[in-house]
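Naming follows writing order (A, B, C, D and E), and every chain is counted from residue 1.
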Amino acid sequence: MSWVRQAVIVLKKDALLEWRGRSRFVSVLLFGVVTLLLFSFAVGPDSSALRAGAAGFLVLALLLSSTLGLAESFRLEQEDRGLEGLLLVPVEPLAIFYGKALGSTLLLLVLAPVLVPIALVLYAVELDWLSLGQLLGIWLLAAAGLSAPGTLYAAMTSRLRSQDVVLPVLLFPLVVPVLLGSVKAMALALAGDPMEQMRSWLLLLAGFDVIYWSLCGVLFPFAIEEG
Amino acid sequence: MSWVRQAVIVLKKDALLEWRGRSRFVSVLLFGVVTLLLFSFAVGPDSSALRAGAAGFLVLALLLSSTLGLAESFRLEQEDRGLEGLLLVPVEPLAIFYGKALGSTLLLLVLAPVLVPIALVLYAVELDWLSLGQLLGIWLLAAAGLSAPGTLYAAMTSRLRSQDVVLPVLLFPLVVPVLLGSVKAMALALAGDPMEQMRSWLLLLAGFDVIYWSLCGVLFPFAIEEG
Amino acid sequence: MKRSIVGGIGLVGVALLLVGSYIGLFVAPPERHMGEVQRIMYVHVPCAWVALLAFTAAFVLAIGSLWSDREGWDAWMTGAIETGVVLNALLLVQGMIWARATWGVWWDWDVRLTTSLIMALLFAGILALRSFIPEAERRQTWSAIATIVAYVDVPLVYFCVRWWRSLHQVQSTPDTMDPAMVLPLRINSFAILGIAIWFAWQRARLEFERRRAEAVDPPAALPVEEVEIA
Amino acid sequence: LVSVRGLGRRFGRHWALAHVDLDIEAGAVVLLAGPNGSGKTTLLRLLAGLYRPTTGTVRVAGEDPRRDAVSCRERLAMVSHHAFLYERLTALETVRLWAGLSDRDATDEALAELLDEVGLAGSRDQLVGGFSAGMRKRLTLLRTRLEQPALVLWDEPFSSLDAAGRDLLRTWIAEFRRRGVTMLLATHDLDVAAELCDRAVVLRSGQKVWTGPPLDAGRRVEAMR
Amino acid sequence: LVSVRGLGRRFGRHWALAHVDLDIEAGAVVLLAGPNGSGKTTLLRLLAGLYRPTTGTVRVAGEDPRRDAVSCRERLAMVSHHAFLYERLTALETVRLWAGLSDRDATDEALAELLDEVGLAGSRDQLVGGFSAGMRKRLTLLRTRLEQPALVLWDEPFSSLDAAGRDLLRTWIAEFRRRGVTMLLATHDLDVAAELCDRAVVLRSGQKVWTGPPLDAGRRVEAMR
């Protein structure tokens, strides 16, 4: 059976579980919202500082949500060794990787329509349609960039006792380029881009995505088979 | 048997598990460090903005670490229903609550000597000894304030599979005041306190601590017995 | 035998470092704009080069250790990473001192500096990960994977100054440099390379022995009783 | 000692237990039989106060296991499908934890002897996370020995045990019975269990459908196919 | 079909399995016996490629279950201590998932029939998170029916099952045997299992200490006390 079809089934399964545990989606979302709120408390009422940081806060909320979502997704796999069950069927490890990574990307995409408006309102940013489009494009690239290495590391750390904490430790430094790239690009989208710098940041993001979606796919089978 | 002695045993057990999974402590710590780093990437190279937000970032790192630490602690209890095993011994629910809440507070306290200096360096804040003392005092109050409702929340959500969605929604509004209070107080400690406002924020924090530590203690037995 | 060769390389390294540093400090001319602080370059750049080299070696060893699960790969990979992390830390410290002297700040979120810092965190993270995994085989596989994933940052450290505008200097070539500066730089590079090889070898051996110590022999084989089946 | 009236428990739209009346005098040993999913575990957990009854009442020595959870649970010990273990403690640390919490100041030697009794002496310093299924079961059985229970709830205690383990458990149960401990034994190994019990209760779809001599329980369950 | 040479597996400083040589010709049914912690589960997991051997080699149909994991696992099915379930799927969704992944385009009716066969027809739309121990076991047994395995590894398949479930499983195993499926059956219910197997292997402290007729395995294990 082609691993692509298996990947789709894995994705559908995860989506169903997600839907059943709506609670989880709601709380990831809520976590994002609260993070945005907290940032505005933290930085205080100075709205120009807030506006300057808006892109950064948005991306951080995205990052934290992605870590939580992935950790949880693999926790479900470990509960009654569901993942092992998949491998025994057998499901190609590649199918598991791309199914999960795509699922994570989609989950993060669904956050955009909620988090972005909230951030815009909270941080008093005004936006035209073009910039909004750019923003969502950047969001997509960033979500993809976080999902691929995130899936790989979540799969490894889900077998460790302290996954929730080890995962961010490994993942955060790795995704700093994604973070930097998307913060810079978003800031340009929000504030205007007189010097045409956006392209280079988008290229960075796209390059990162391509590299990690292939590299992590190659490495995932090794990660998951380690008993 | 007095519940105080049981609380101590629970605390010791958690400390031992903590020590076994040393990884966990190290990584909660690393997590805090990495979070601090991320904030400075996210906000960008503008060091005055960084300085302005230093207190906020520190408290957010504290909040995130505490959530992760507590969630992990209760996950261990659910793995093979260890918590149920404790209740059957029987251990007084109060002992579990105070053991866990104290353990969480201690864990957060141990973070201070690492996170605070890093934040000071990263965000280029200069500090005299008095302010440092104040900072640590606020840290203690905030850690305690996060731990009590956090323990309650974590106990409830660790069973979430069969519980309602509302629980996380309940917690966040609960914590925001602690967060606000400590951010304001820390900002005053860092930047100087010409108008003597610190006292009122400290009182707020102390008040919250007293209320949460008793209120959550009262509520915990209900939370934990809900089967 | 092998041990004495590696020890020899290390000793030659130390000797070269003394010679190179002497030339760098007392013979080479001071730089036009930066003056005497610039002499820190004679350790800064070799540290950077050898750190990048060490991580590259770790990358190759990681691929090897995924390919065939021989223990040797893993031990050497750990040695290389540890060496790289130490050199990377030195690089950061030296760089910060230099930055304080010439740019007036300890740190700046410049791409070169940022990517170098990330590189340190990534590989230090791998060492941390190793300490969390008690099972040797899993430790080997996972740290190899993490190394390969982390290595993507290394070319970025090298090329970032060309791709983005940066405070930090872009690579020069021997043609654009005063020959009096090139010589001590070359000597010190080989010196630090020699010391790094010695250090990596020591760490690899330690790792190897650690793993050997874990590996208790299996119990003596029990006799098997075989009963015929009617 | 145990008195149950009109007990029912609903999960979602499904009644796992309904209309159960049960009285167990002190010292009686009751076999709880019934096909998979008939509500045995649910009943035992209700008795231990781990579930809240949807209908009806539970009394253990006159107390409600939900309201007076602590004092009820001081009296009872439970062996359940779950072993209540922390993966990162060793066997010795686990029993030390249990002993400490129930205020038994046992020395490490005494605890090590207990471990020896269930054949875990050789693994006392091994993390329980690496234990085999049977070893976990053996360890969790010790809970009944650390507390001094007046009521023991056994939920499939024989599963995962090897022959030696089953024999050991049988002698333990017999010993408890001699000492007048009240017990409820839910199991599918009816032949093994029958001789250990005074009477049997058979559940079906969450309802009590039969009580009688334990030796006949097997036949009664068979008849339900 | 299965060929094992000098197989050993160490966890930390403890050898869970050592010096095991084993050959199983296609179609043979082998009983795997031994006390708790003797290494049965470890051996089965090594055969399924879920652990990496510390020493020695495993071959299933000439292939290494670690290197050629996918093609090996296409041939085998495993019933383990864990049920491989997702708590938030219903029974029907679970089997639909498994069937879909192994490329069997079964209709929901066909799947519902399978569920009926293990007595879960009434619970097909219930979340498996609420299943009783026996119901989980019954569901996981279906994995052997969804794949078309040439080799089945049974790890204590009888535990938690009621009498009816055991009978059903017995007929399944007999049926597989008739169809020439190779099987390894690790269990403590030696009397039940003996008649289903062609020969027995007894493990002790991770080593193979005996092979012989399955009916004698029980006595051999007894003798090891």
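Assume a contact is a pair of C-beta atoms (placed from the backbone, for glycine too) under 8 Å apart; a residue touches a chain by one contact, two chains touch by 3 or more.
Note that the structure is a prediction, hence the values are computed from the model and not measured.
Peer 1: Through what angle, between 0 and 180°, must chain A be rotated so its C-alpha atoms fit those of chain B, rounded to a multiple of 5?
Peer 2: Rotation angle, to the nearest 5: 180 degrees.
Peer 1: Which chains share more C-beta contacts than any other pair?
Peer 2: Ranked by C-beta contact count, first place goes to A-B.
Peer 1: Averaged over CA atoms, how far is the centre of chain A from the centre of chain D? Could you give it in whole Å?
Peer 2: 46
Peer 1: Need the CA-centroid distance for the pair chain C / chain E, whole Å please.
Peer 2: 47
Peer 1: How many angstrom lie between the CA centroids of chain B and chain D, rounded to a whole number?
Peer 2: 38
Peer 1: Could you grab the centroid distance between chain A and chain E? Build each centroid from C-alpha atoms only and quote it in angstrom.
Peer 2: 38
Peer 1: Going by the touch rule set out above, which residues of chain D reach two or more other chains?
Peer 2: Each of 87-88 in chain D touches at least two other chains.
Peer 1: Can you list every residue of chain B that touches 2 or more other chains, as numbers and ranges?
Peer 2: 21, 23, 27, 30, 34, 37, 41, 44, 76, 161
Peer 1: Tell me, which residues of chain C touch at least two other chains?
Peer 2: 114, 121, 125, 128, 132, 137
Peer 1: Note which residues of chain A are touching chain C in the complex, please.
Peer 2: The contact residues of chain A facing chain C are 149, 152-153, 156, 159-160, 162, 166, 169-170, 173-174, 176-177, 180, 200, 211-212, 215-216, 219, 222-223, 226-227.
Peer 1: Please name which positions on chain B make contact with chain D in the complex.
Peer 2: So the residues of chain B in touch with chain D come to 1, 5-6, 9-10, 13, 16-17, 20-21, 76, 79-82, 84-92, 225-227.
Peer 1: Would you mind writing out the residues of chain E in touch with chain A in their complex?
Peer 2: 45, 48-52, 66, 69-70, 73-74, 76-78, 80, 82-89, 93, 97-98, 100-103, 127, 143, 147
Peer 1: Under the stated contact criterion, what part of chain E meets chain D in this complex?
Peer 2: The touching residues are 11-12, 14, 34-37, 41, 81, 119, 123, 126, 130-135, 137-138, 156, 159-166, 188, 190, 218, 221-222, 225.
Peer 1: Using the touch rule from the top, collect the residues of chain C that touch chain A in their complex.
Peer 2: Listed in rising order, the residues are 66, 114, 118, 121-122, 125, 128-129, 132-133, 137-138, 141-142, 144-146, 148-150, 152-153, 156, 163-164.
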